[in-house]
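As written, the chains take the letters A, B, C and D, and residue 1 is the first residue of each chain.
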Amino acid sequence: MRHETMLWLLILVPAVTGGLTLPLTSAQALLRALCAGVGITVALGWYVAGKVLLSGPVCAGAEWLYLDALSAYNLAVMLLIYGLCSAYAAVYFGVEWQEGRLTLRQARQFASLWCGALAAMTLVFISNNLGIMWVGIEATTLLTGFLICVHVTRESLEAMWKYILICSVGVAFAFMGTLLVGASTHELGLRAPEVLLWTRLHAHAALLNPVWLKAAFIFLLVGYGTKAGLAPMHNWLPDAHSQAPAPVSALFSGLMLNTALYCVMRYVPLVEAGTGNTGWGLRLLVGFGLFSILVAAAFIVFQRDLKRLLAYSSVEHLGIITLGVGLGGLGTFAALFHTLNHSLCKTLAFFAAGRLGQTFGTHDMHRLSGAMRVAPAWGMGLFGSLLALIGVAPFALFMSELQILKAAMDGKAILTLVLFLFGAGVVFVGALGHAIPLAWGKAGPVARPDRIGILESLLVVVPFGLLLVLGLWMPESLQAALNNAADVIRQTGNAFTASAGGMAP
Amino acid sequence: MISISFIPLLLALVLSPLLFGVINRTKAFFAGRRGQPLLQLYFDLWKLLRKGAVYSRTTTWIFRAGPVLGLAAVLVAAALMPLGNFPALIAFPADFLLFAGLLGLMRFCTVVAALDTGSSFEGMGASREVFFSALAEPALFIALVTLARQAGQLSLSTIFGPLSGAHWLDSGPVLALVIIALMIVLLAENARIPVDDPNTHLELTMIHEVMVLDHSGPDFAFILYSAGLKLWLFAALIVGMVVPVTNSVWLDLLLSTGGVLVVAVIVGVIESIMARLRLVVVPQLLVGAGVLAAMAFLLELTLKIHNPS
Amino acid sequence: MTTNLILVLVVLTNLKLLGSSRLGASIRMVALQGMVLGLLPVLAHLQNLSVHFVLLSLGTIALKGIVFPWLLFRAVREAEVAREIEPYVGYVASLVAGVLALGVSFGMCARLTMPENIASPWLAPVALFSIFAGLFLIVARKRALNQVLGFLVLENGIYTFGVGIVAETPFLVELGVLLDVFVAVFVMGIAVYHINREFDHIETDRLDRLKG
Amino acid sequence: MILLLSAMVVLLCGGIIMLLVNRVGKNYSWLGAFTVVVAAVMGCIPAVEVLVGGFTLEFRCAWSVPFGEFFVELDPLSAWFLLPTLLLSALSAIYGVEYLRSWEEKRSLGPVWFCYCLLVIGMVLVLVARNAVLFLVAWELMALASFFLVTFEHELESVREAGWIYFVATHLGTAFLLAFFLLLARETGSMDFNVWVNQRIHTQGLAGILFCLAIIGFGSKAGFMPLHVWLPEAHPAAPSHVSALMSGVMIKTGIYGLIRAFIFLGTPPLWWGWGLIAIGVTSGVLGVLFALAQHDLKRLLAYHSVENIGIIALGLGVGLLGMNTGAPALIVLGFGGALLHVVNHALFKGLLFLGAGAVLHGTGTREIDDLGGLLKRMPWTAATFLFGAVAISGLPPLNGFVSEFLIFWGAFKGGILTSGPVAVPLLAVIAGLALIGGLAVACFTKAFGIIFLGEPRSEHVAHAHETGWAMRLPMLALAFGCGLIGLLAPLVVRGLRSVLEELSGIQRDVVGINLATTTNTLTFVVIGALTFLLVTAALVLLRRSLLAGRKVGTSATWGCGYARPTPRMQYTASSFAQPLTDLFRPLLGTRKRIVPPNGLFPVGAALKTETPDLTHEEMYRPMFERANDWLSQVRWLQHGKVQLYVLYIAITLVVLLVWKLR
C-alpha cells in the first residue's frame, strides 16, 4: 500500500542521499545535494505525518512500521528542525569552505553522517518494534559521534569520547529495559515476532507483569534519559554541545534529545496501564524533570561559554518537558507543545551562537559581547531567542510553560509548582545577566566581518516569527494534533482533553 | 450669623501685631527693662509700608511673589480659625487640613523666596525651617485627631464648642497633654525660643529671621504681619480648648481674646526663663511633642472604652 | 545443566577481569566470555532449538569471540600500552566489590518473578552481575581500552539476559543489536586511536579539560 | 469599545511603520507622536463615556490559545485608570519628538517608537483585559517594551545594569502573579475575570494567600518598599519622556491590579488593612527620605514615586479597614482618595519628569549640585516645575492637596469613630501622611530652589537653553491639569461614583450619600482655594500701588557684611538636606567623604555624600552574590572525569532499582 512505500522512502531517501553525496568534489555541491535530499525527506515526512494526524494511525510492513499521532507529531517537528539545520549547515560550512578551514574529506564525512543520522532518527519514529526503535537511537548516537569532531582537536575528541562512552552505556541500559519489557509479557504468551510490537503491548498493557515493567521503566528512563540529557545523566551534554560545530549542536539540542525523550514517552502509557494507573511512572518523570531544571539553573548562573550555557538551557527545557509529561493531563499537551517551541528556539539560538562565534572567533561570553552592534541580524536572533528561552512573553515558550504551571496547580502539586518557578526564576536572573552584555556590551574584537545573505536572514526570521505567532495564536489544527498526540501518552478520556483544546471552560 | 463669624477674623487681623508687643514687654519685664511700646509692630508696619524696596540682582519674581503668597495663605487660614464660641468664616468638616495646608504653602513660599537670593545664610535658615516644621507636622496632626476624637467633631469651628468643663473633669490629662504638644508646636512653627531665637543678631543661629534678611519695604511688612497672624492663629487654637467656660457668648469672646494675649505672655515667660536649645536637641523636643500627643490619643482610646459617651 | 556451567564461567571471567591489570589478559578474558556466551543461545534452548538460535550463536561467537578481540589488540598495539597503572580502585578492592555486586544482584533478582520455562535460575542474577562488573570496569579504570572492555562486559550481561529470558526477541532485532554493538566497539576503537595520536596517551582521567 | 480597539490597532500599525521608515539620520518622530495622539484621543472618548454614564462596554471574540479568550471590557475602574494613561502617553509622545532629536544622527529612532507604541498598547490592554491569559500576555508585553525603552542608551554600563535590575524585578513579580492567577483559576475553574467576580473566594486562609501573592506580584510593579529597587535604577536610565510614562502611569497598573484583586477576594479581614497601611507608611516615609538624600534629579523623582505609591497604599488601607468595619465613609474617602491620587500623581509626576528631562536636555547634567539659577534661562520649565513641586508637596490650591485631603479626612473620620484595632492604624496613617507631607515640602523646596534659583553652580548652566514648544506644551498642559483638578475637585470626585460602587460592592445610594457629603466639603476647599487666589490678586495690586512711585533699587545679595559672594558660597542640595539626612542616618545609611580644610590657609576642602538604596545594598545585592557563590559550589559536579559521570548514572540506576522497585 501507499503509506508503506512512503514510510520506507522516509528511511531510504536520506540514506541514498548520503551515498550520492560521496562522489561530489566540491563542498558547495555536497551541501546543496544534502539540502535537496533532506528537503525531499521533509516533504515526504510532512505529507505522511499530515495524513496520520488527520486520519488516524498507519500500520504497515507487517506491523513493523507504525505511525500514530504521537510519532507523527514528533516526526513533523523533527523534520522541520532538520530542514532548518541543514539549510544552516549549508551556510555555516559554506563560510568555512570559503576560508579553507573545511577539507573535502571532512565535508564528505559530515554529509554522509548527517544523512545517516536523519535516516536513523526517522527509523526511531516510524518503527513499531521497540527493539528497532532502540536500534535507531543507538545508531544516531554512533553516527553523530563523529559529527562532534568534524574538526579534530583535543577538546572535540575529549567531548566525543565522553559522548560516545556515556551514551553507549546509557543506551545499553535502555536496551536492557526493552528486554525487560519483553520479559514482562510472559503471561501473554505472544509469539516471537510480536513480543516487542508497541501496538500489541499497548493493546494488552494491563496484563503486563508490573514488577518486570517497573524494572524495565527504570532502566529505560535512566537509559534514554541519558541520551535526552536529563540530570544527573546529562554530563556529556555541555561538552558535546560546546565542541561540536554549531549545526551539529543545533541538531543535538533541537531534535536528538527530543527523539530520546520520545522513546520514554512511548513507554509511559504501557507502564501506567501495567502498574494500574497509580501514577508510579509519572512521579518518576516529575522527579527527573524538577531535578534537571534545578541542576541546569545552578549551572547556567556561572557559565562563561555561550554554547555551554545553551546546552544547560537544553537540560532545563528537557526537564520542563519531562515534568509536563509527568504531570499528565494538560501537562502532556503542554509538554508536546513545549517540545516544538524549545526546538525552534534552541536551534535559532545555536545558529546565532555559531555564526557569532565565527564572527568573533570565540564562544567566550566575556569576549563575545556587543553582538547587536557587530552583527545586527544574528545578534538580534541570539538576544531574542535567549529572551524567549527564559520565558518572556509573548513567545510560545511562555505559553507552554504557563500551561505546565497550570497543570501543576490544578493537580495540587504545589511543591512542584514552587520548585519549577524557583528554577525558572534562577535561570531568568542568570541568563538575562549573560544576555544583556552579549547583546549590548562593549563590542569585543572581531575576527572576521559579518556578511549576511538573504538566506541567512531568513534563518533568523523564520524560527523567530514562528515562535511569535505560536505565542499569540495557536491554530485549531495544531491544538487538535497536540491533543491526539497527547492522548496517545495519557490514556484518553482525560478531564483536560476538552479544556486543553483551547475552548475556554 | 455670617456677620458675627467675621468677628474672629477681624480680631485676628487687628490684634495679631499686638502679640509681639506683649511678648517683648514680658521679656523686658523679666529683664528689668522698660522695653518697646506695645504697639511697636504697628509702627514698624506703617513705616515699612511707606518705604521703597531694594532687591538683590540674583533674585527673580519668586522672591517678590514669596511674601505676597505667604500673607495671602495665612489670611485665608485666619478665615478658618474660630474664636471662643464664634465659628470661623469658612467652616466645614476637616477644615483644619486646609488650615495646615495653607500654612504649609506659606512656608513653601518663604523658603523658596529665601533660596532665591542665593545667600548661604538664607539657605541655612530655609534648611532648618523645613527641617523643624516637617517634624512639627505630625505632632500637630496627632494633637488635632485627639481633640477631634474628644469632641466627636471634625471642624475647627465645632471641635471647641463641646470641649467644656465636663471634658476637663472627664479626661483632663488627655487635654493637658494635647495642650503641651500644641504649645511646643506653636513655639516651633513661630520660630520662638527654645527652637529659634528671633532677636540674636547672629545669623548663624537664626532660622526664621535669617530667611527674610533680603526682604525690605512692603514685602517685609507683609512678612512681619503674616508672622503675627500665624502666632495669633496657633494661640487661638490653644485657647479654644480652654474657652468657652461661661455660657455668655460675648464674655467668652472677651475671655478668648484675653486668652490669646495670655498665651503671648506665656511665650514671653518661656523666652525669658529658657535658653535656646542646640539645634541637634530640637528634633527631640518636637518628636517628644508628637509622642505626647500620641500618648494622649491612646489614653483617649482607653477612656472611651471605659465610659462610652 | 550446561547453562549453569556457562554462567559460572561468565562470573569467573568477570572476576578475573576485575582483578587483572594487563590489558592483553583482559582482552583474552573478554574474548573467552564472548565465546562462551556464544554457545548460550543453543544450550539454553536445546528443547526447542531453531535455526534462529544457531545463527545467533554463530554471529555472537564470530563477533564477540574473534572480531572484537582483534580490533582491541590492534588498538593496544597502536597505543603501545600493556597494563593499567594505578587504577582508581585497586585490584583486591575490585575483587571484593565484585563479590559484593554478585550478592546484590542475586538479592535484587529475588524480587522478580521468573518465567517458568527458564533455563537456569541464575540467568538474571548473573546478567545483572555482568552489568555491574562492566560498569565497575568503566568507572574504576583509567585506560580508555579498559572502558571499552567494560562496555563489552556490560553488553554481554544484557545479552545474557536477552538470550536467556526474552527468548522471543525477534531475530531481526538481535541482528540489529549485534550490528550496533559492533559499530560501537569499532567507533570506540577509532576514538581510542585518535585520542592516542592526539594526546599520545589513552589515560581518560587526563581527558578533563572540559568542565564546569 | 470599537474605538478603543481600533486605537490599539492604530498604535500597532504606527509602531510598525515607524520601525520601517526610520533610518539613521531619517527621523519621523512626528509621525510616531501623531499616531499616539490620535490613538489617545480615540481611546479617551469611550473612557469618558463610561466614566460619566457608569455603564460597561465589553467585547469578546475567540482567541485560539488554550484557556485564552480575547475578552476586553471597559468598566468605570478601567476607564478611570485608562484616562491618565492615554493622556500622559500622548503628551510624553509629543515631548519625545523634540527630546529624541539629539539622537537622530547616531541611531535609528524606529525601535524606540515601536517599543513606545507597544508599551502603550500593553498598558491599555492590561487595563481592559478580562481573561487571565490575555492579561498576563499584556502584562509581559508591557514589561518587555518598557525594558527595551529603559535600555535605550545601552552603550552605558549603568543603563545595562539598570535594565537588568528592572527586568528581573518585574519578571520575578510576574512569577507571583502566575501563581495568583492559576490558584484563582483552580478554585473557580475558569480564567474569566467576571466568573471570578461572581464567585468570590471566601475561605479565609486561601484568600489570605491570594492577597499576599497579589501584594508581592503587583507590588513589585507598583514599587512598594522593599520591592521598589528597580525604580531608582530604571527611571534615571530611561529617556525622560519614558520615565514620565513609566513613573506616571505604568507603575499604576500595579495599583490597578491590586484593586482588581480586592474585587475578586470578597470582604477583607482586618490584617489586610494593617498590612497595606504598614506598607504605605514604610514606602511613603522611606521613599521621601531617600529622595531627600539624592543628588541625581531623576533618582530623586523616582524615589518620590515610591513615596506617592505609599500614599496610595495608605488610601487603599483606609478603604479596606472601611470595608471590614462596614463604614462606607471610610471606603469612599480611602479608595476615593487613593484613586484620585493615582490620577494626580500621573499628572504632576509626569510633569516633573518632563521638567527634569528639559533640564537634562538643556544643561546635560542631572546633578542637582551642578545646577542653579536656571529660572532665568529656562523660565517656562521653571514655572511648570514649580507647579509640579507645589502639587506633589500636597499643598493647596493644587491637585495633590485634594487627594491627600480625602485620605487624611478618611483617617480622621475613622480615628474619631472607631475603636482601637482600627483607630491605632489610622493614627499611623495620620502621623505618616503628616510626616510625608512635611518632608515632601523639604525635598521639593530643595529640588526647585537649588536647581532653578540662586546663581549657577557650574559651567553646565552657562549654555543652558529653554526648550522648544514641542517640549514646552506638554509641560504646560500638565501644569494646567494640576491646577484644574485642584479647582474642579468636586466635579472630578463625582466622576468616581461608579468606580467606587463597582469596587466597594455597597449599595448605590450609600455611596451616593457619602460622595455627596464629600463633594460638598470639597466645594468648601475649593472656595478656600479661590479666596486664596483672590486675596493674592488683591495683595499684588496693593503691593504695586505701594511701590508705585517709590525708589526700587537693586544690589548684591546681603552677605552679612561680606561684599563679594560667589556662587560656590551658596547652600547646596547636600547641605540643604544635611540636617534631615543626619537625623535619619540609621535609616538611610548615607555615606560621607570629607576632606576637611587643614592648615592655617586651607586651600582645598570637600564634602561628598551619597545615599545608595539600602534594600539594594543590604538585602538584594548580598543575596544575589551569596546565591552566586553558593551555586558555584556545584561546579565540582561537572569535573570532567568521564568515569565519575558514568558512576552518576550507575548510582541513579541502582538507587532507583532499590528504592522504587517494589
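FYI, a contact is a pair of C-beta atoms (placed from the backbone, for glycine too) under 8 Å apart; a residue touches a chain by one contact, two chains touch by 3 or more.
Quick caveat, the model's predicted, so the values are computed rather than measured.
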Neighbouring chains common to chain B and chain D, by label: none
Of A-C and C-D, pair with higher C-beta contact tally: A-C
Whole-Å separation of chain centres (CA-atom averages), chain C against chain D: 70
Averaged-CA centre spacing for the pair chain C and chain A, given as whole angstrom: 31
Distance between chain centroids, defined by C-alpha means - chain A, chain D (Å): 44
Chain centre separation in whole Å, for chain B relative to chain A (CA means): 78
Set of chain A residues in contact with two or more other chains: 161-162, 165, 169, 211, 215, 238-239, 299, 302
Per-residue overlap in chain B, given as positions that touch at least 2 other chains: none
Chain D, residues touching no fewer than two other chains: 635, 638, 640, 642, 646, 657, 661
Complex contact set, residues of chain D against chain A: 63-69, 131, 133, 136-137, 139-141, 144, 151, 154-155, 160, 163-164, 167-168, 171-172, 175, 178-179, 182-183, 185-186, 189-192, 624, 627-628, 631-632, 634-635, 637-638, 640, 642, 645-646, 648-649, 652-653, 656-657, 660-662
Chain C to chain A touching residues, read off their complex: 52, 111-113, 115, 131, 135, 138, 144, 147, 151, 154-155, 158, 161-162, 165-173, 176-177, 179-180, 183-184, 187-188, 191, 194-195, 198-199, 204, 207-210, 212
Touch list for chain B against partner chain D, complex: 49-60, 62, 68-69, 71-73, 75-76, 79-80, 90, 92-95, 97-98, 101-102, 104-105, 107-108, 111-112, 115-121, 123-124, 126-128, 130-131, 133-138, 140-142, 144-145, 148-149, 152-154, 203, 213-214, 217-219, 222, 279, 283, 290, 294, 297-298, 301, 304-305
Residues on chain C engaged by chain D in the complex (per definition of touch): 88, 108, 111, 132, 135, 138-142, 147, 204-205, 207-212
Contact set on chain A toward chain C in their complex: 129, 131-132, 134-135, 138-139, 142, 145-146, 149, 152-155, 157-162, 164-165, 168-169, 172, 175-176, 179, 182-183, 185-186, 190-193, 195-196, 209, 211-212, 215, 238-239, 242-243, 299, 302-304, 308
